[in-house]
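Each of the two complexes below includes subunit A, the first together with subunit B, the second together with subunit C.
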Partner chain A sequence: MTLRSLSAVAAVIDVECAKLAAQIKVRLLLAVCAAAPFVFAVVMRIQSSVPSDTLFGRAIKESGFAVPLVVLGFAALWAFPVLTSVVGGDIFSAEDRYGTWKTVLTRSRSRAEVFAGKVLTAIGFSCIAVAVLALSSVASGVLVIGPQPLVDLTGVLVPPSQALIRVVLAWASVLPPALGFTALAVVLSVATKSSAAGIGLPVVAGLTMQLYTFVDGPEMVRQLMITSAFGAWHGLLSEPPYYRPLVHGALVSAAYVVVCLAIAYRMLRRRDIGG
Partner chain B sequence: MPGPVRLAIAAVAIAGSIGCGSSPITQARIEQAIAPTFANLVHAQVKWLGLPPMAASDFAVRASCRKLMAGSNSGSGEWACTLVWLGPDRQPLRDSFDLFVTTDGCYTATASGESLGGPTLRATDGSHVRNLLYAFDGCFDTT
Partner chain C sequence: MLDQPALEAAGVSKRYGNREALRGVDLIAHPGQLHGLLGPNGAGKTTLMRVLLGLVRRDAGTVRLLGRDLEAAPGSVADGVAGLVEGPAFYPYLSGRKNLTLLARLDDHDRSRRADCIDDALEQTGLASQAEVAVGAYSAGMRQRLGLAAAVLRSPRLLFLDEPTSALDPAGARDVRAIARRLADEGAAVVLSSHDMSEVEELCSLLTVIHVGRVIFSGTVNELRRRAPAEVHRLRTSDDDAALRLASRRNDMNVVRIADGGLEVSADLEALDSYVIALGRSGVAVRELERRARSLESLFLELTGHGGAAPLSTPAAPDAADRGLESVSMS
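The block that comes next holds the complex of A and B.
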C-alpha cells in the first residue's frame, strides 16, 4: 500500500468519524456504556440479594473487582453483539439507504480505500465501546464497592494489584471475538444493503450461538462459535492460569474476521453501483 | 478456486484442528478441579473467620464425582461430588456437593448437607462473613 493510499484511507476514516460523531445513537450507546456499570454497582451495594447465577456474582459485595467480571459475563451474553454491530452493520448499508454510493465513489478514492476506511472505523468504534465499558466497570467496582482482594475461580484469594491486572486482561481478551462480530456485521451490511439486517442478524446469530452452548453437542462445534471466545478469560482467573481457550478463541475470531471481510470486499468490488 | 472460498476452507481446517469427539467434561477433570478449589476455599474461609492459618494442602482434599444420569459419566449437566478432607483439628470429614457443570467447563457447587453451615458464618471477632463453602463457582480447562 502506497503513502497516497494510506492518506486516502485516513481521509475516509476522518469523514466516517465525523459522521459517527454526529449520530445520536452512537453518543447514546457510549453514554450507556459509561453509566450502566455505575448504576449496576450502586444497585448491588444497596440491595440484599446478589446475582448468584453468574460467575463472581456471589462475591460482588466483597470485592469491587467482581463487578467488572459480572458485567463481562452479562455483556458476553447480550451487549457485545449489539455494541460491535451497531456501527459495522450500518456503515456500508447507510450509503445504500441514502443513495450516496455514487457520490462517494466518484471522489478520488478507490473502492478498496473506501472499504478499508469504513472497516477500520467500525473496528475502531467496537474497540472504543468495549474499552469504555471496561473502564467504567472497573472504576465502578473499585469506587462503589472497594478494592478488596478477590476469590478467583479456583478459590485462591488474589491481592488487589493482581486482581486488577487479571480483570484488565480478561476484558482485553474479548476484543478478538468483538472484532469477529464487527466483521460479521460488515459482511451482512454489504450483502443485505440493510442496516436492520446488518445490526440485527449478528445479534440473532450471537443469541443462537449462546443457546447452542446450553446443549451438550460436539465440542468442535462449540469451539467454532465465536461466542465461546467471550468466555476464554476464565483461565486468567484460575490458579494455575490456563491459556489454550484464549488461543483457540483468537484463532476462531481471526478466521471470522478474515473470511467475513474478504467476502464483504469481494461483494463491494463486484457491485454495479453506476446504475 | 475463489479467494473467499479458500479462506473459508482454511478457517474450517483451523477450527477442525482444535478438537472434536467425546465431551471434554469428564469425571477426572471435575475431580481434579473441585478438590484443589475446595482446599483453597477452606484456606480462605479459615483466614476470614480469624482462625489460625492453615495451608490448603493440609486439608488433603480428595474428590469423588459421578454424573446424575444413568449410563453416562461425562458431559455437562448435573453431577454429585463427595469430598473427603481433614478438618482443622485433623479429623476426617466428608461433605457432599451438587454440581451443575456447563459446556464451557464452569460449574456451580452447592453443599447438599448442613454440615458446612448456612450462607453466612460468624467470625471470631463477631462479624458475619460469607460461607465460601456453602456454594461456589469454578472453572477448568476443557481444551
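The block that comes next holds the complex of A and C.
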C-alpha cells in the first residue's frame, strides 16, 4: 500500500468520523454504554437480592470487580451483536439509503480506499463502544461497590490489582468476536443495501448461535459459532488459567473477519451504481 | 487543429440482463466545447454518463478521460473530471457547507484553500445564503445547485452534467447555463444532457443523439439543422377553405386541416412569411399563428422514432404537434 493510498484511506476515515459525530444515534449509544453500568451498579447496591444465576452474580456486593464481569456476561448475550452492528451494519447501506454512492464515488478516492476507510471506521467504532462499556463497568464497580478482592471461578481469592488485570484482559478477549460481528454486519450492509438488515440480522444471527448451544448438534458447527468466543474469558478467571478457548475464539473470529470482508469488498467492487 | 480530446469513448456497450442499454457508443469531447447529449427516456444517456464516470462497469469499449484510460486508476475518478449525475444526493443531516467540506476532504483539497474553494463554489451556484442549512431542508432545486457546487469544487477540465437544470426554476437554469458556458470558455470540456432541446441548441456546438442505446446522430448543431424538416405552425384564419385553396397552389409548404379546428402549416419561415402575406392580399385574415414544433425538435422526434414513420424531410409528426411544443421534454 502506497503513502498516497494510506492518506486516501485516512481521508475516508476522517469523513466517516465526521458523519458519525453528527448522528444522534451514535452519540446516544455511546452515552448508554457509559451510563448503563453505573445504573446497574447502583441498583445492585441498593437492592437486597443479587443475580445469583449469573457468573459472578453472587459476588456482586462483595467485590466491585464482579460488576464488569456480570456486565460482560450479559453483553456477550445481548449487547455486543447490537453495539458492533450499529455502525458496521449501516455504514455502507446508508449510502444506498441516501443515494450518495454516486456522490462519494465520483471524487478522487477509489472503491478500495472507500471500502477500507469505512471498514476501519466501523471496526474503530466497535472497539470504542466495547472500551467505553468496559471502562464504565470497571469504574462503576470500583466506585459504587468498592475495590475488594475477587473470588474467581475456582474459588481462589484474587487480590484487587490482579483482579483488575484479569477483568481488563477478559474485556479485551471479546474484541476479536466483536470485530467478527462487525465484519458480519458490514457484509450484510453491502449485500442487502438495507440498514435494518445490516443491524438486525447480526443480532438475529447472534441469538441463533446462542440458542444452538442448547441444541445437541454437531460439535463441528458449535466450534464455528463466533458467539462461543464471547465466553472464552472464563479461562482467565480460573486457577490455573486456561487459554485454548481464547486462541480458538480468536481464530474463528479472524476467519469471520477475513471471509465477510472479502465477500463485501468483492460485491462493492463489482457493483454498478444505479439511480 | 483541435486539442487532444478530453473525452474519448469508443464502442462502449453495456447490457443489463437481456436489455442492451448501450450499443457501441462513440463519444468525443474536446476542451473548450459544450457537447450536448440528447435522447428520449431510456435512451441510455444517464447510463453512458455513469459508465464514463466509472459508476457502472461497461461490457465493452474503451474510455479515455483527459488522455488517461479509465482503468488507469480503477474505481476512482481522475483529478480534473467531475460529474453531476441525475438527482444529486447528499447527507441530509449535514449542512450544504459541511457536505462540501467532506467532499473536498475526499478530493484531497489543500486544507488552507478548502474553505475559500467551498465559499467560491457556494457563491457561484447561489447557495451562499443557505450554506448552513441542513440539506434535508433543501428543495430539489437547491440540491441540484449543491450538486453543481460539488462538481465545480473539483475545478473540472472535463465535466459531465446530467440534466443539470431539470429541477431548477428559470433563474436557476440560467445560472447553471452560465456556469457551464464559463467553464467551457475557461477550457473545460462539458458534456451536457438535457430535457430541454432549446437549451442544448443554445449552449452546445456539438450534439450526440442516442436512441435505444445507439448513437443515431453525432455532429454540429448546424449539421443537424441542415437535416431538419420545416417548422410546424398552427394557423387560424377567417376562411380556412380559402387558405387551403391558396396553399394548394404553392409547392413550398404543406397545409392540412386539423381536428381541433384550424390548419397546420409545415414550411420554413420564408415560405410561411410569403404565405401569410398572400393570405392578406386575398382577403383572408390571420387570426392566430402559433409555432407548435421547431425544426430541430421535429427532427429529433423523427430520429428517435417519436415522430411516427415519416421520413426526415417531412413535417413534424402529429404527436410532436399535439404537445404544443415550444421546448420538448425528452427524458
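In this text, the second predicted complex is superposed on the first by the 272 of 275 C-alpha atoms of A that agree within 3 Å, B and C clash if a C-alpha of one lies under 4 Å from a C-alpha of the other, contacts with A are read in each partner's own complex, and residues count from 1 in each chain.
What we mean here is this: a contact is a pair of C-beta atoms (placed from the backbone, for glycine too) under 8 Å apart; a residue touches a chain by one contact, two chains touch by 3 or more.
The model shown is predicted, which means the values in this text are computed figures rather than measured ones.
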{"item": "Partner chain(s) touched by A:H234 [first = subunit B, second = subunit C, both, neither]", "value": "first"}
{"item": "Subunit B versus subunit C as contact partner of A:S110, first or second or both or neither", "value": "second"}
{"item": "Which of subunit B and subunit C A:L3 touches, first, second, both or neither", "value": "neither"}
{"item": "Per-residue contact with subunit A, leading partner among subunit C and subunit B", "value": "B"}
{"item": "First, second, both or neither for A:R270, with subunit B first and subunit C second", "value": "second"}
{"item": "Which of subunit B and subunit C A:F56 touches, first, second, both or neither", "value": "first"}
{"item": "Touching residues (chain side subunit C, partner subunit A) in the complex", "value": "46, 50, 53-57, 73-79, 82-83, 85-94, 98, 102-103, 105-108, 147, 150, 154"}
{"item": "Residues of subunit A defined as touching subunit C within the complex", "value": "7-8, 11-12, 14-15, 18-19, 22-23, 98-113, 269-270, 272-275"}
{"item": "Residue ranges of subunit B in contact with subunit A within the complex", "value": "2-4, 7-8, 10-11, 14-16, 18-21, 23-25, 33, 36-41, 43-44, 47, 56, 75-77, 102-106, 108, 130, 132, 135-143"}
{"item": "Subunit A - residues contacting subunit B, complex", "value": "52-53, 55-56, 58-59, 62, 151, 153-157, 213-220, 222-224, 228, 231, 234-235, 237-239, 242, 244-245, 248, 251-252, 255-256, 258-259, 262-263, 266"}
